[in-house]
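First chain written, first letter: the chains are A, B and C, and each begins at residue 1.
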Amino acid sequence: MTNILEVQGIHTFIGRYHILQGVDVSVPEGSITALLGRNGAGKTTTLKSVLGLRSVREGSILFDGKPVHGMRSFDIAALGIGFVPEHRAIFRDLSVEENLKIAERHKGDLANKRDFIFDLFPDLKKFLAMPGLSLSGGQQQMLAIARALIADNRLLLIDEPSEGLAPVIIEHMISVIRQLSKKSTVLLVEQNFLVASKLAEYYVIIEEGRSVKAGKMSDLVNDRAAIHQYLGAA
Amino acid sequence: MKPFFRRNSMLLISLLVLIALFAFAGRGMGSKDFVITMLRGLSVGAVTFLVASGFSLIFGLLDVLNLAQGTLYMIGAYIGWTMYIRPDTFMDLVPLLALMVSGFALNGVWNIVVGHIHLNPKVQRIIPWTLIALSLALFAIILPKYPIAIWDLNNYAQSPVTYSFMADQGTRLPVTPAVFSQISPFLAFGGLLLASMLFAFAVSLFGHAAQAQGRLKVKNFVPLAIVLIVAMVGYVFNNTLTNFFLGMDTTVLFLISVLVAALSGAALGGLMETVLIRPLYSRPIYQLMLTIGLSAIGVQIVQAIWGRNEFIMPKPSLFAGSGGACPASSLASWLQNHCSTIWLLGGRVRVYDEIFIPLVGIIVLIAVWILLKRTRLGMVIRAGVQDREMVEALGINVRRVFTMVFALGVGLATFGGSLAAPSTGLSNAMGESLLLSALIALAIGGLTSYPGAALGSLLVGFIQQFIIKYGQIGIPIPFTDIVFKPSPPIVPASTVLLMVIVLLILPHGLLGKKE
Amino acid sequence: MLKTRISFFREQRNPIILLLITLALPFIIGIFEGSSPLMVWANQGSISKFIEGLGIEIFILALYALSFDLIFGVTGLLSFGHAMFFAVGAYLTGIALKTLGLPLYAVIGLVFVAAIVQAVLFGLVLPRVKGITFALVTLGMASVFHIVVMSSDVANYTGGDVGLQGVVVPAFINPAIERLRFYFIALIILFLAYWLYKVFVSSPTGRVCVAIRENEDRAKMLGYNTFKFKLAALMLASITAAFAGTLHALYQPVISPTIADLGFTVTALLIVLIGGVGTLSGAVIGALVYRLLDFVLRRYIGASASLVTGAIYVAFVLFIPYGIMGTWQLKKWAWKEGIQRLLRLFQVKPEEGEPKPQQSK
């Protein structure tokens, strides 16, 4: 199996703060990989660095074998990377339909994906004409994921999908992400270790801007010491 | 429904108070005065809106306070005037300007070429500057020798003032066409082309971060071809076109002038954004200083080219009729005689100032509204106002949208300037006062809200005109015999006061979004 | 005590040297034009008198820009109404001397009170509006003041759009007669203000102001009542600007209403940006550069001076973004770094590929 995304030793600055100080992430094609770590460890920055939203000063990022670091972020995204950001970033003034339509890379993307998306998220169909700001948190999360599915993305970067959601909705989310991973590769940032362990095959732990541990999720689940050391959770 | 009222209670109360204020103000004067004042307010509001809406679009998406907007409005007026009164000057400028921007038409090519060049950093730093110096030197050699038929500021008989006056009287001064005498046209054209190419190439060398995308295609050369064709047509058919414009009905010529002003504004805006504003996105306060500096430069350029004197722009024939049947008593009669004024509800109304301008304002309002609400570009703009980064993460080239919005915003301002010129005349100070009005209008309406810009402009227009009217008829102060007559300086003060009050009650303006 | 005093002089070495040079400047100029120090002392040298005049204008401008730098550069409040602070001081001084006939010390007291009042006025809106809205509200208040000053209703007091003329300046500091004395007074006021500002910025209160500029929410979360600190900065700035206005009224034969308009606030903004935002010393250097530039351009280019000035500003913005002092501070660091590298070159090879630490304030 090849790696669709290969992040090698990246250093990223935000302003004058040296946030990432050497992060390596390999994402095998077709897998779900989770980035784990404490708050402020640099997980979100890693995702944003991949997309070129944060400028990477050193190291390299290969998407599908081609270097993408230093490219303009919209060019990177157009290669086939979908992004579901933390706090969803739904466009509040746009209707639900427009929120989906804006993600089109070719005319008719939305029409082609319509059935697929409404099968996954039946709720969205009801609210198509409503403005984005009227949706509940869970619905916004659905919309954010749906938005990343409109274009044919081979890699989905999903940041904190379970944050602030009710347990029932989290269950739904898990099943949705599982379904998605059949079509595209998923790189996930997740605080909730339970959710991450249910979903991911592989993990990378980031601590203080460095990737410190990586491997198969099935191994980590049994490694209580590591979980305690890096994640502070049981 | 209930939460809507509760959430917007302050807004509703403010609106009610404002409406009550206007109703009260209206009661103090006759219906004739009221109608005229309302229409004048509408007219001022419409012009303010054109500047304010551009300002608001630019600020909303780009976070750039374009304080040069007022100056650009003024420049629009002067460009419109030039096309309208001196088409010969304009025609002489067409090939010149086309050649000067021809280099930028090849931007796509330069980017690809730059992407394939790998130099050592030191050389890469020196080369662009050398090229720019070279290009400026070429311009400096050629431009003074390039012939342009232009007015003479030092000679009153050939000054813009006189030309305007003559045009208003229906006669035109004979103009002597400019001919290439100091330099051969081909040398001039070739030199300009080369200088422009060098300049544009140097500029794209600065932005070397952009990576090469693909190879050169025929498509990349299309803009250059268009520019060159324009230049050649402008040169070869110079006299034919000049005479064609001069022989044209002034209404059509006026429409062309307004269009030319709007398009030059858009081009100017695009250039401003790509060359000057873009390097400064990470330093907002410097953008502010930049636009202030540009504003000062703009005023100086206008003074150098068109002089310091105020002059008029004659109204197009459609609105300039006079004679026995005027003022027109009905729409039908106006259509027949094209009177400059018309009787409306007992008041004598200037058709161009008080009916045409508000009408155009409303049309633009709707057109831009449709652009924002119904097109993909509009969707991207609305999304980008909220979250630029996310739009980029969707794979959309936000930078190009930035340039387009800046061009649109500046285009609206220059359009407004050329539209207002026949009504207000042209002066070096026209931009400054309008910028203040537009800022006030935006603060009242909500800085980044498009409907807010419309509402704010309307309020500013109404209040200004009502105060002016009351300055003439006086306000009887209740229970006393004193009649208070506000003096003219109170007009701007009143709108400023309204702004301060509105902002203290609703910090985001009437229709602004809460954070 | 002595130790702190010594360390103060060491820290402020450059400003003190500059102060001494500036104090001596009229005499040095006098020597060049051939008038002895005694003649200069008696206000007889014409060129030195002229230079003194230019100097006074620069000091007043510097004082005004300094106060703007305190609220904009240090505290991070963008006010478009700063000219009002200055103009209130100037007009109040003019009117109090001319119409009310008050003695100078009473005028100074009056200006002081007025300065506090207007700072409180600006402060009233602070909790409600932020960022660009604050700029617009302050612009609004200042515009109202400008309009009132210009209006014909109060022209008897303010001189309307012609400006306030005929202010009788007390003889002992009359700039026409006692120019040198005025020069020294203005210079010393400027130096004291600069010193006071330096002390303020490095005091705990000043540090909180800087924290507010960097991130107001964080400062709030740390438990600071940011409103109080912003108000304190506003008051200090208002008092300084108002006294700059007083000096202006005493020095200039006409108090023109242009000192109350937006353009004059922009002047402060430009000076501060030229000198370097938030550096304080930049405000003084910026005022010097601005005034001299203006003087030279007007003299040699004439009418289109502001075209060149505008172009210079644009060039400044694009190429010297941190201003003169800001860039100098950055470069000073780069210089040291360069020298160190040079030294290391002879001993060990510098480590390659290590990310450069960012310069911090």
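In this section, contacts are C-beta pairs under 8 Å (C-beta built on N, C-alpha and C of every residue); 3 or more make two chains touch, one makes a residue touch a chain.
A quick note: this is a predicted structure, and the numbers were derived from the prediction, not measured.
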item	value
Middle chain, criterion being Cα centroid separation	B
Pair of chains joined by the greatest number of C-beta pairs in contact	B-C
Distance from the mean Cα position of subunit B to that of subunit A, given in whole angstrom	43
Centre-of-Cα separation between subunit C and subunit B, whole angstrom	35
Distance from the mean Cα position of subunit C to that of subunit A, given in whole angstrom	51
Per-residue overlap in subunit A, given as positions that touch at least 2 other chains	none
Numbers and ranges of subunit B residues touching at least 2 other chains	none
Two or more partner chains touched - positions in subunit C	none
Of all residues in subunit C, those that touch subunit B in their complex	78, 125, 128-130, 132-133, 136-137, 139-141, 143-144, 147-148, 150-153, 262, 266, 269-270, 273, 277, 303-304, 306-307, 309-311, 313-314, 316-318, 321
Subunit C-touching residues of subunit B, taken from the complex the two chains share	65, 276, 279-280, 283, 285-286, 288-290, 292-297, 299-301, 303-304, 436, 439-440, 443, 447, 487, 489-490, 492-493, 496-497, 499-500, 503-504, 507-508
In the complex with subunit B, residue positions of subunit A that touch it	51, 53, 70-75, 77-78, 83, 85, 89, 91-94, 98, 101-103, 105, 147, 151
Of all residues in subunit B, those that touch subunit A in their complex	209-211, 213, 376, 379-380, 382-383, 385-387, 389-399
